[in-house]
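Structures are listed in the sections that come next.
You will see two complexes here that share chain A, one where it goes with chain B and one where it goes with chain C.
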Partner chain A sequence: MTTADPTAGVARRPVVSGRRLTDAVSHAYIWTILVLFILPFVALLGFSLTSRPGGSGPVANYRYVVDTFGDNLLWSLKISGLTLLINVLVSLPAGYAIVRHTFPGKRTLFSALTLPLYVPGAVIGISLVLTYNFTYHLTTSMWGLVLAMALGTFPLMLTPIVVALKDLPVIFEEAAACLGATRWQTYRRIVLPLIGPGLSAGLLLCFIIVFNEYLVTLFVHPPGLTTAPLRVFNQIRTAGLDPATAALAVTMQLISLAAVLLFFRLFGTRHLKGTYLL
Partner chain B sequence: MSTVRLASLTKHYGATVAVHEFDLDVADGEFVTLLGPSGCGKTTTLRMIAGLVDPTGGRVWFDDQDVTFLPPRARNIGFVFQTPALFPHLSVASNVGFGLSVKGSKKPAIAERVETMLAMVGLTGYGARMPAQLSGGQQQRVALARVLATDPRVLLFDEPLSALDRNLRDSLKYAIRDLQRRTAKTAIYVTHDQSEAFAISDRIVVMNAGRVEQIGSQTDIYLRPRTGFVAEFIGANNALPGTVSGLEAGIPATDDAPGEHRFVVTIGELAVHCRSSQPVAVGDAVVAYLRPEDLVVLDDDAADYPNVVVGEIERVIFEGPTAQLRVRVAGRELRVDVGGSRRLSLSEGRGRVRLGFDAPTVIPADMAAPPPSPDEVAA
Partner chain C sequence: MTSTTRSIAPLRPGPIPALRAGISAGRLRTFGLLLPAILLVLLFLYYPLVFIVQMSFTQGSSFLSPTGAITTVANYTLIASRYLPNLLVTLQLALLATIVDLVFGFPFAYILVRKVHYRTAVRALMVFPMFGALYIAFGMRFILLPGGPATPILQALGIASTDALFSLPSVVFAMSIFTFPFMVLNIGTALGNVDPTLEEAAACLGARPWQTFRRILVPLTRAGTVAGALTVFGWSIGTFAEPLLLGSANEQRALAWTVYQRGVVQTDYGLSTAMGVVLLGVAFVVTYLSLRYSRGALVE
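And now, the complex of A and B:
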């Protein structure tokens, strides 16, 4: 090695480096996918801004939404809110029992509880129609619809709560108990805030599903109660595509989007990062 | 603040016995350490004292109150965990004030107490920070402040330093001892680290396999191990099985010191002068425990020791502060730790050495541990 060429073994810089090429390709890929996904919504938005026969442009379309779809949106929000409430009230204690306590048949129970996730909406709908008609006579009440929604979506609430609780070391609860906190104080002041991200993820998922649910609603909605998605569908079936209907669809889309943005805004998990196992 | 008494405390997990009939009396203000290898039941015992684990049998008393089946919150204890377990969503001040807050104290009173506690652990001005913004040592100090804030009857420590690095461990263990003295609280401390146990305890309970092996002061446990397990778990030891071959004049017991029996034990072809706090009879099978640091390499003419043996140096391991010799004496390999300047002169060569030692302690063979494998001796 006495006559080594000092430049030997030094890699030459290629004209287009491999890394930059990979970067460019992956960026292009991401943007293509993004555009493909967003395109239908952009089309919908565009259509909702065109003039409808007898109307006069975008403003009129959205005023029409507020005037005539207001009730439907309110029903959707009300049903969603009540469903979330029931889901939270059921899932928090259930999740806590499943994670923190042992009892025979626990795994089976958890599997059974998540069953509604795999059952098609039409099947849930038919079974509920049967049950409501022949057993409980709930078909004429808003609560029938709320219960149907809760039945179909509470696994979406339960699962993130179970995951969050499993990730939460029991030591925090033990520390609280040793400091004199009752079970309820421990639950409210320690457990709930620490599973907040899981809980809110469940809330978000349930809200979006319930707010936009069409199929199950079709089966079990009581007469006179028309939710927004049901109205959109009815409208398209009877009147065909109409800019005002598109405007309603866009409004629903915006509400869902607002929910997602609100979630990221409120429940950033930043302050919890890396602190569980210090 | 309170005495602690454990009476036949027992915990079974299915067929596994985690803790077997544990008896212990802890005096008011005493610092007692449960010392033992992992899985010996020391943490389970501590958790039963805290109420985090329900015992299978036995009783826990705080003063005259039977707390065996009280939930942790009703026991008024301070439990410091292996990890600080600070509530990550609460500020340092809210963490320290948590115990008072759940008991319904008024906000100004809590704030004042929090300030006092943070000052006590040397973290004045850290109240507004979040736990994640503190170092591991600071977090454990906050955990200490948090348990002291509620003025508990008993402090319980479950290896609170094991997650910290060594320098921090050393400074924090004296801080814990100091805080315990200043607040005059009864403390029970669990560790597997004997230097930690020796540094901070009033009394040490050596545990193994769910049972108490020995309860005593540092010198009791080091100089007068009652079982082979204690002799080999505390420090290093050369275990030499032999037979008692003759009795000698002992030292009678006085008020200040336990008496000592002296006798000769035949170990292979050696006759070694030994001692024990328990009486022995000729013909008893015993194991003499000879600590590596008690063996002294002698100059050729010096003979100030009751026992002098000659051996061949097989190996010299220079470890810095000491050198470890492996010396073959009468067919057995003995570990000898050499300090001072002699460790430097020995590190070069091999050859014959004369070793002197005081009468080693013996343990009846049926109390001795099974002979350790060569690997364990080396460790």
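And now, the complex of A and C:
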């Protein structure tokens, strides 16, 4: 992270009186808000390093996370992984058809497919828990939860794929076709590698959302399956504030942050354009 | 892009050009590619939504009774009377969070787009709220706890620490932090498309900063700002963890939590689904308006 000189870039512009002051105030404003952003996280981090009643210090809290909440973390990872798989399998063909094929009602279809993003989580939750109960009989299966997660997040995968495909000139595919590649070969050897970063952006977004999802999960989780965010929620509701719960929340956020930083490192930020990350 | 595709398409191998006249293999392939996505939304979004709309017109859990469901509109009249405060407090929270985001988000986006050179660092820090409202609410609850880290600051400001937790402002604060990045994203995109020379021209012609803001920036970024505000509002009406963990009894009536309480805990399916439908209705109106303003042109 760079701490830029607040006056950098001023020299190029016409000098206006008070410019330096304005700049200083501007940067102070940005950093104040950013501090507010990470304040809840920092607070939880600090809290997780305090001793539990009867416990012995920060290490015990994180050991407790591994011992007691380990199952929940594993469930979260497993659910996230399966959801990402379904999302890719659903979004790749759909994104390709939306960008490369011509058919009537394309815009309506795209809106209809991205609608899940705009339906409040509690509504998705109540509608799914009732249909799972009375129509699909999916309440005891892990797949009910996975499909609920896939429904809520696949538009986040679809959108970056559509953006990446639109940015990809069609001539590459045409060249491949002219050189005798089959449709499948073109798709696998040309299109897929070239939209890789867009696809990864979708994977990142979906992972962050699913990995930290507690609301729809609260409605549709099968008995005996508690993901880590849901466990955090339940612990706060039943056990009050506990440093070990804070440690679990911190662990979740650190894993998510690691995913984001890894993505930034590998692909930069521009592939997240048109999505919900800056 | 689309027209290019169309004009060059005959160069591709395969039977597409020949079959174009009838129901072509291409059509079928398009449909095949779209089928998984269509099935997913039909089975897990549209059918369940139709299901809860139907159920919202039945009484309690009479849906399950062997004598058949009792059809009624009582759930909706109940929402309009006894549960009206729940709806109103939901809208109030969402509106306040949107206003806070708008007021603080516009300058933030402006500075970010025009002056900041360390945008990657800002982006990395701005993902924290995306990890979820739950952690924000949890963290805030710890901060505001009487005897917690914020107590000295609150005392210095003359606020009793018992008033800070479980209050409207703390709920709104947590909600605005959660949705702030969406607002900044929308406004920032709009601002990025405004040529900075326009502001310089305005300044050269003698406009004060306030005039430049009102007459140049606001009109040119209106689409992004409105879309951002609507998106934030739409997300905020589904607020769940923040009112529950940070609100007083009044804020805890927020609709999403009531849906869970009535539906899953007390199995009053009729009332709970009716509340869900109301929530959905608000969300749809907001989304419709927002799509009219925003980058709905992504596809075509």
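To be clear about the criterion, the second predicted complex is superposed on the first by the 244 of 278 C-alpha atoms of A that agree within 3 Å, B and C clash if a C-alpha of one lies under 4 Å from a C-alpha of the other, contacts with A are read in each partner's own complex, and residues count from 1 in each chain.
The rule is short, and it goes like this: a residue touches a chain if its C-beta (ideal position, glycine included) is under 8 Å from a C-beta of that chain, and two chains touch if they have at least 3 such contacts.
What you are looking at is a predicted structure, and each value in this text was computed from that prediction instead of being measured.
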| Is A:178 in contact with chain B, with chain C, with both, or with neither (first, second, both, neither)? | both
| field | Contacts of A:218 with chain B and chain C, given as first, second, both or neither | value | second
| request: Between chain B and chain C, pick out the one touching the greater number of residues of chain A. | output: C
| After lining up the shared chain so the two structures overlap, which partner does A:85 touch, if you call chain B first and chain C second: first, second, both or neither? | neither
| Does chain B (first) or chain C (second) touch A:193, or do both, or does neither? | first
| Intersection of chain A interface sets (partners chain B, chain C) | 174, 177-178, 180, 274, 276-278
| said: Going by the contact rule set out above, which residues of chain B touch chain A in the complex? | reply: 50-52, 71-73, 76-79, 81, 83-89, 98-99, 102-103, 130-132, 136, 139, 146-147, 150
| said: Quick check on the complex: what are the chain C residues that touch chain A? | reply: 1-2, 4-6, 8, 11-14, 26-27, 29-30, 32-34, 36-38, 40-41, 44-45, 47-49, 51-52, 55, 63, 104, 107-108, 111-112, 115-132, 134-143, 145, 149, 174, 177, 180-182, 184-185, 188, 200, 203, 234, 237-238, 240-241, 244-245, 255-257, 259-260, 263-264, 269, 272-273, 276, 279-280, 283-284, 286-287, 291, 295-296, 298-300
| request: Write out the stretch or stretches of chain A touching chain C in their complex. | output: 1-4, 8-9, 14, 16, 23, 26-27, 29-30, 33-34, 36-44, 46-47, 89-91, 93-94, 96-103, 106-107, 109-113, 115-116, 118-131, 134-135, 147-148, 150-151, 154, 158-159, 162-163, 166, 170, 174, 177-178, 180, 183, 208-209, 212-215, 218-219, 229, 232-233, 236-237, 241, 245-246, 249, 252-253, 256-257, 260-261, 264, 269, 274, 276-278
| message | Taking the touch rule as given, give the residues of chain A at its contact with chain B in the complex, in rising order. | response | 169, 171-172, 174-182, 185, 189-190, 193-194, 271-278
